[in-house]
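Two complexes follow with chain A in common, the first pairing it with chain B and the second with chain C.
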Partner chain A sequence: MSKTKYILGAFADPDEMLLGIDKLQEHNIAIYDVFTPMPIHGIEAKLGIKPSRLPKAAFWFGLTGTCTAFAMIYYMLVFDWPMNIGGKPAFAVPDFVPVLFELTVLFAAFGMVFTFFFKNHLFPGRTPRVMHLRATNDRFIIAINAQEVSDAKKVESLLKDAGAVEVLHNDRKYVSYE
Partner chain B sequence: MSSHHESILREPLITGENITYAKITEDVLVPVENKANKAWWIGFTIASLGALLWVFAVSYTFWTGIGAWGLNKTVGWAWDITGFVWWVGIGHAGTLISAVLLLFRQNWRNSINRSAEAMTIFAVICAATYIISHMGRPWLFYWALPLPNQFGSLWVNFNSPLVWDVFAISTYFSVSLIFWYTGLLPDIATIRDRATGLRRKIYSTLSFGWNGSVKTWQRFEAVSLILAGVSTPLVLSVHTIVSMDFATSVIPGWHTTIFPPYFVAGAIFSGFAMVQTLLLITRKVMNFENYITMFHIESMNKIIIVTGSIVGVAYLTELFIAWYSGAEYEQYAFLNRVSGPYWWAYWCMMTCNVISPQLFWFKKIRTSIAASWILSIVVNIGMWFERFVIIVTSLHRDYLPSSWVMFYPTWVDVAIFVGSIGVFFTLFLLFLRFLPAIAMAEVKLLVKSSSEQAKKELIAKGNLNKEHAKFYVDSLSKYDSVNPADYAKI
Partner chain C sequence: MGTHAKTHNFAQYFQFTGKAKTWSLLAVVLGLAAIGYGFYSGHAERTFANLLLMAYYFTCVCAAGTFFLALQFVSQSGWSAGLIRVPQAFAKVLPIASIILIAVCAAGLQTHNLYHHWNEEGLSDPNSPNYDALIAGKSAFLNVPFFLTRLVVFLGVYSIFAMVLTKLSNREDLEGGLKNYRKSITYSAIFLVIFGFTTPIWAFDTIMSLEAHWFSTMFGWYNFAAMWVSGMAAVTLTVILLKRNGYISWINESHLHDLGKFMFAFSIFWTYVWFSQFLLIYYANIPEETVYFYKRWEPEYMPWFWLNIVINFLSPLLILMSRGAKRKENTLIFVAILLLCGHWLDYYMMIMPGTVAEHRGFGVIEVGTAVCFVGLFSFLMLTMLSKKPLAPANHPFLEESVNHHI
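Moving on to the complex of A and B:
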């Protein structure tokens, strides 16, 4: 048993998986991570994961875009080469609005998505670190670090009680390297 | 949360028996994991011949110059800008479905958003090719970008809607692309974990290493929501700016403040029609009847009536304002549209966009697949004529009667237009073959709350208000994928 690195409880139903999290937490068993084929609301609260700060990041990226656009247009149209177009002022703020808006959206969207990719280590060609191959299909996986658990049998019985269809004691962390 | 049951009165969003998470994966991935069927090959062959025609016609245009088109000194924009606006408009429905319906928590978007967004991207590609090819010297396209003076004599003019359009279209395209691709990551990971060998390697690269951990999903949802939030005003701004290309000029028939809302409504109208055209075939050929149900078809038809009616009001407003303005050039422009040499184009537009979509008020018609498909094509024809009428009838009789002319397209104009449809369908068919056409992760969210199966269980348990249950069972009669006999015994 000491060779076991991770204990995985595979559930067929998200509600049973949430029950499994509750049962483990009642017995102070730390959960390493949970892998699901779709977003299940409520897991973050149970695991005590803080809300994402990405929306705030998006706001600041957007503001950067607005400022960049304003600086660019101001430099080009007002500072570097003001043009006399029918005697109208070069510093025509209403005409700046569409481009200010577009660059705000562009910076917010790209800034946020790339921050997301960076923080979660998502990039083309990254080796997928998958613990259970059906976690992206129809299984809801609770992973427990076996090194931190004294009684693996108890973990197994708790998971089974909650409705796990399969409990694995894996010697390797990830299956996807095989 | 996932066990939350919604009101029994709501129609189901997924039908069919024994729907499990695994079955959704199996059903959606049938076209991706198996050899393409005959229908796909026939479609792909025709579409790629169209795409080849496009390559030839555009190359011919580049080689000989814009003189290859039917343009003349009076009519300087015709099929090129008509095609551009038509394609950009078609693209709008995808963003509307993926962004606006997400903000409004319309769960029926879950099974159509993926293919509608793909349609957006391919439609904007077609639109962008028109922009490049109408430039005359397309190899100097970068002059439209704000580059230093050495590239020309001056900076670009940020007072011009044409420059705004450069920013709007490129932002729209790139933001739609990342929105679509981020949403694809979990589904590509599903294909990856089921595949072997080279296919696994390819989908592994494309999946960016997605593993579905809690933190990934949490950030994914934050990203989806914010992208939906910024895409909503973005999509409105794009067609607003396209309409300003016309509205800020001093051409009679173009110089009107009604253009932005009128163009946006028209864009959503034509976009939903194109979604309908594509999905009615996709659902049949790919056996997606349980995921793209009659409820989806009917909902889209309702959006088509609403936006079609808004467009109708805009047409009538234009006519009224032209008369009421007392401006003789404006009055003549509209008299010429209605009764001039292009009267047939105007009335074709009126019939296809305003009159025929009103047939969707009849439930029989809006829940008929054949009628929906035919009317969706009619709307697309009508919206092409709308842009043609706006562009060509305003230009062909300008302020100087001695320069009044008619516009006649050459074979190159026709070939580029037909070819662009080929390019669009080639890309769409490749998408259906290699990527999941339905967002599996999002559809799986509906299994426990909004599926016919879950609701049937509730009825069988018998704790519901009998009237409500009856109302629900009656609403199922329109579904072609539900057998009413199943409910007889309950």
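Moving on to the complex of A and C:
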């Protein structure tokens, strides 16, 4: 058993990388992930990646915000200290709306940002997890889990055929900790 | 990716024949009969209020088409190039719609069925029993010649820009190159500035002056929001129906997604403006302002008041929120029809309390007038659409539009 954990094919051109994905898929080789410095249209569908659940999270964060705002205003203006403002009843719903709206937006926005950071392990002071240092610059990377393939040589030749400028056999998953 | 291989027939024409033609003409005839019945049965004011509603709605949808066109040029949008012929057809109908609206307003003024709140004998004469100090103060602006001049000038200018943009597109089809596209950007930019400053005044004149004592500076933007949402709903509906009938094969679900986003976003914007107007009036509680909502809170209008918010805010909010819903043809058709009906109700709530008030109705006259104008719009718009190929073959962004993916 080799010590290689991941095989990385680095491409200089996105079309060649897409060709590489096609070739690997033709040979039923599972792709662990793909890293590109820019968004590539249609790549999620090609790799069969499920749509992000972030919008659903946003909805629930927003709803939490609405409920929090309602509870807060209701406690302050109706329950704890009702005041006569312009002769309106204490429980004047239209007056609540701007605050309900603002807290909904605030919770949804912050909730989404923090969920995104949490899922991607992005915290202040944290070294980012990167499998190939040039994946954020000018290289298009296909990563294959070496434990799942029987013939590493075949993977390498398929990647090279598709136009990979280098193929790496990495013993460690992330290179950015070194 | 992956769509390159597909070939599309960009030179395809829309064939305006058969059912679509029969039904739209039938709708016009039936509607005209209903309008005739309205006048014959002695409901002149109610019929005029309905004519104003539908003529204004009709003009607004066509103006929204022109605005969409101009917006695409100024923002140099690529995604919409493949469906630009639909708003273009709307824009081409704008001159006719404008003439109808001006005719309805002029006839309403002449017969004192519309705008009699500020257009009666002696309203600005201190010695007359009819004297109204508020109207007298506004008479420098609200008088028949100036009112009609404004209407003619505004709608005339919009129509001229609509025609210029169409002409440039025609030339682009024949000549190719970027010259006409660049010119379109310039004309669109000028149009947007004029349109932005004059639409609120247009709305103040045609709708808000029905209750001339009351005023709201939000009213113009509120009407603009209604115009834009109903315009986008009409564009979406037309695009999907064309696609269903085997035309515009290059329009994919990403285009529908964008149109759905427009409907969703601007329904929220409509609510935002509607509520901004309502909240300030509610909060300040000044009698001369609250009178507007007081009338709409009377028992005969209250259910419609709530229904307006449910249809135009809650429904699109809940139905169109998810990504999947904006990409499904059936959902979009449902929401587009709902919004078109919803904004009819919206205009109904703007116009009726100030015209027929407690004598409002919902029957043959309302449905008939609406059917008449829907038929007229479909007939004119589809006739315009059938005159040119469905894709602007020399549009610089056509290729980008065909490969649109989000």
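Keep in mind that, in the parts below, the second predicted complex is superposed on the first by the 176 of 178 C-alpha atoms of A that agree within 3 Å, B and C clash if a C-alpha of one lies under 4 Å from a C-alpha of the other, contacts with A are read in each partner's own complex, and residues count from 1 in each chain.
By our rule, contacts are C-beta pairs under 8 Å (C-beta built on N, C-alpha and C of every residue); 3 or more make two chains touch, one makes a residue touch a chain.
Everything quoted here is computed from the prediction, not taken from an experiment.
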item: First (chain B), second (chain C), both or neither touched by A:Asp33; value: first
item: Partner chain(s) touched by A:Gly86 [first = chain B, second = chain C, both, neither]; value: second
item: Chain C versus chain B, contacts on chain A by residue; value: B
item: Partner chain(s) touched by A:Pro98 [first = chain B, second = chain C, both, neither]; value: both
item: Which of chain B and chain C A:Leu122 touches, first, second, both or neither; value: first
item: Which of chain B and chain C A:Gly42 touches, first, second, both or neither; value: both
item: Overlap of chain C and chain B interfaces on chain A (superposed complexes); value: 40-43, 51, 55, 95, 98
item: Residues of chain A touching chain B in the complex; value: 12, 14-15, 33-44, 47, 49, 51-52, 54-55, 58, 62, 72-73, 76-77, 80-81, 83, 85, 92, 95-96, 98-99, 101-103, 105-106, 108-110, 112-113, 116-117, 119-131, 133-138, 176
item: Chain C-touching residues of chain A, taken from the complex the two chains share; value: 18, 40-43, 46, 51, 55, 59, 86-88, 94-95, 97-98
item: Touching residues on chain C, where the partner in the complex is chain A; value: 1-2, 275, 278-279, 282-285, 321-323, 405
item: Touching residues (chain side chain B, partner chain A) in the complex; value: 1-3, 20-22, 25, 146, 149, 154-159, 161, 163-164, 167-168, 171, 174-175, 178-179, 182, 185-186, 189-190, 192-194, 204-223, 225-227, 230-231, 233-234, 237, 241, 440-442, 444-445, 448
